[in-house]
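A, B and C are the chain letters, set down in written order, and residue numbers restart from 1 in every chain.
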Amino acid sequence: MLQLAAGNKMGPSASIVTVENLEKRFGHFTALSDVNLTVAAGEKIVLCGPSGSGKSTLIRCINHIEKHDAGRIVVDGVELTGRMEDINGVRREVGMVFQSFNLFPHLSVVENCMLAPMKVRGLSRAEAHERAIGLLRKVRIHDQANKYPGQLSGGQQQRVAIARALCMQPKIMLFDEPTSALDPEMVKEVLDTMVELAKDGMTMVCVTHEMGFAREIADRVVFMDRGCIVEEADPETFFRAPRTERARDFLGQIIH
Amino acid sequence: MNSLDFSIVVQAWPYLWSGLLFSLALTAVAFVVGLVLGTCLALVQHFELPVIGRLVRGYVALMRSIPLILVLFWFFFLVPIVLGHLSGNGRPVPIGATWTAFITFGLFEAAYYSEIIRVGLRAVNRGQFEACQALALSTFDTYRSVILPQVLRVASPIILSQTIILFQDTSLVYVLSLTDLLGAASKLAQLNGRLVEMYLVIAVVYLAISSAASQCVASLRKRYAIAGR
Amino acid sequence: MFAVLLEQTADGQRYIDWLVSGLGWTLALAFFGWWIAFAVGVVVGIGRTVQNRAVAALARLYVEIFRNIPVLVQMFLWYFVLPELLPTALGNAIKQIPPPWGSFFPALVCLGLYTAARIAEQVRAGIEALPKGQVEAASALGLSGYLTYRHVIVPQALRLIIPSLTSEVMGIYKNTSVALTIGLMELTAQARQISEATFQTFTAFGAATLVYLALALIAYQGMALIDRAVRIPGTGRAENAVEPTATRVAQQVGSLPDAMEVVK
């Protein structure tokens, strides 16, 4: 097991995220129990499962937006305990895209992308601007750079959110149901952006129900139910021949 | 720095107590008069009555724009004249500072309460009016039994917060040389020279009363927030 | 009706000069008091929302004390009581400050700190009304607590509470009249003095009332201007993405839709 040999920095094929025996409770409700997951550099993982299965909680724990109660999370060689320096250090390397975009409404599109690189990475305004425009171009929204989030459609906002996360040059991107809050006609533009990102070699963990997307880019599909990882397989196997009853039910529901 | 001697407060307590009672009485009267009159003013505006509606709006805007102390001065000067005109012989009727204070606070607070209730009226769901029409309730019954109870209930935390401010504002009758809690303390302080002790003690009394009342309003607000969910 | 204002006073001025000088003190008190109130209020309001228990408790204590003692009593505490509680030399030095500054400074501190407690509550409500996702997004980008407040939370919260701040602006200029109780000859005091000197009570109070009305109008329009100037494109107030936020603020501040938190 590579992650046990974890020094501080590891080779390119080493794991970027290691989750061991993770537990998370909200009051009496157990959101995650005994979750183990390893994400290698360059790997694309799709997390799926019924609502309330703990998939969002899992990726929120990886970014320490939720505090876990037991188990270990190691991100890029740093274990997430309670120490703020570690947490902020890790967050710099982990990009996150939210279901509800969470763009900063009082900042223009390009300012949204420049804030963290300037304040956290210490880039000059010019450098941050150049990087922001470059990435906005990549998600094909650079012509809207000076508009405000409220003036954009949901799909456009989500693409800005992706660009904002990329501006920190993260080692891994987490996506928390990035298309669930979108009108159907906007889902594709966001998925296309994510596919491109995947083809560029970005390490990605995506919580999504877009099974076409999972088939196209996922190296592994991880199926969760009631706070546990129930099944892990390559997409071909998972969709063709799910091993567990619960996964079959789930697929039956979303594919009709 | 002189040494403080709070034993003086024990002696002074009966006088301070009577002052506090005056403050509370003024608050209570202004609350009742203000709320009743304020509700009427709000309804007049709500029904958009032609001339009187604009007059009321002007009155409310005026009261909300000038300091309470100036309002007190105005009423202290105007009320005797107006009463004189009403009594017919045209000579000002001196009524004294106490009555002036009660009248002023009642009329002044009415403007503030009316604003709270007016906004509350606007927030009532249209469906409530339609339901009353469907039940063939008269306008009077609609407002008395359906609309106003809802408005008062929703607005009650704000009305009560406003009443706490009102209680604190009664201290301004100091400018009319009345003997409310602050007036009593100030008069005693002039007699015995212990103004540090006097003002500190009444500050604590005001703090305790307002703070306790605020806590009650906060818990009320929380209960409503849950009930309304 | 206002002709009397142009008449000569005993000291060789005209009565209108008294009013103008009163207006000057009122404006000075309101203007400088506002900046004290705003600065302290934002800091205390933020303090009420931070994780650190001790800081939050101190901020809460501040608000409780300064909001629950009548402003007139606070005025007396600063003017009469504070110099007595300080070491004798310092207390005497304060008492020696010549008028009108001896009244102006206590009034300034009093109004500033009193209004700050009220602003702090608005700021807190504004911060608590922001969607949780904003803080999460900021954390996910690696912004520290300070940076999150500085660049994400406070700029949005302040925009959200502009309507309630309008009534605080109106509140502070009206409360300047309380300073007459410690001998500052501001606008209301000058009006009363003119009334006593000329027996033209209608004229004296009427003139002051008109001036206060004009001030109210200016304050209101000024804040509306600021509101428009800092409005975020693509978000009408209480529309769009911030809608749930704005309504929640309305409930928490206790300000019904158009800034009902009332002050005198």
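Throughout what follows, a contact is a pair of C-beta atoms (placed from the backbone, for glycine too) under 8 Å apart; a residue touches a chain by one contact, two chains touch by 3 or more.
All of these numbers come straight from a predicted model, not from anything done at the bench.
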item: Dominant chain pairing [most C-beta pairs in contact]; value: B-C
item: Most central chain, judged by mean C-alpha position against the global CA mean; value: C
item: Centroid-based (C-alpha) most distant chain relative to subunit B; value: A
item: Chain centre separation (subunit A, subunit B; CA means) in Å; value: 56
item: Distance between chain centroids, defined by C-alpha means - subunit A, subunit C (Å); value: 46
item: Inter-centroid spacing, subunit C versus subunit B (mean Cα positions, whole Å); value: 21
item: Residues of subunit A that touch subunit C when the two form their complex; value: 63-65, 84, 88-89, 91-92, 94-96, 98, 100-106, 115-116, 119-120, 147-152, 161, 164-165, 168
item: In the complex with subunit B, residue positions of subunit C that touch it; value: 64-65, 67-74, 76-77, 80-81, 84-88, 91, 170, 174-178, 180-181, 188, 191-192, 195, 201, 205, 208-209, 212-213, 215-217, 251, 254, 256-258, 260-264
item: Residues of subunit B touching subunit C in the complex; value: 1-2, 62, 64-70, 73-74, 77, 112, 115-116, 119-120, 122-123, 155, 157-158, 161-162, 164-165, 168-169, 171-172, 174-175, 182, 186, 195-196, 199-200, 202-203, 206-207, 210-211, 214, 221, 225
item: List of subunit C residues in touch with subunit A within their complex; value: 131, 133-134, 136-144, 147, 151-152, 155-156, 159, 232-235, 240-242
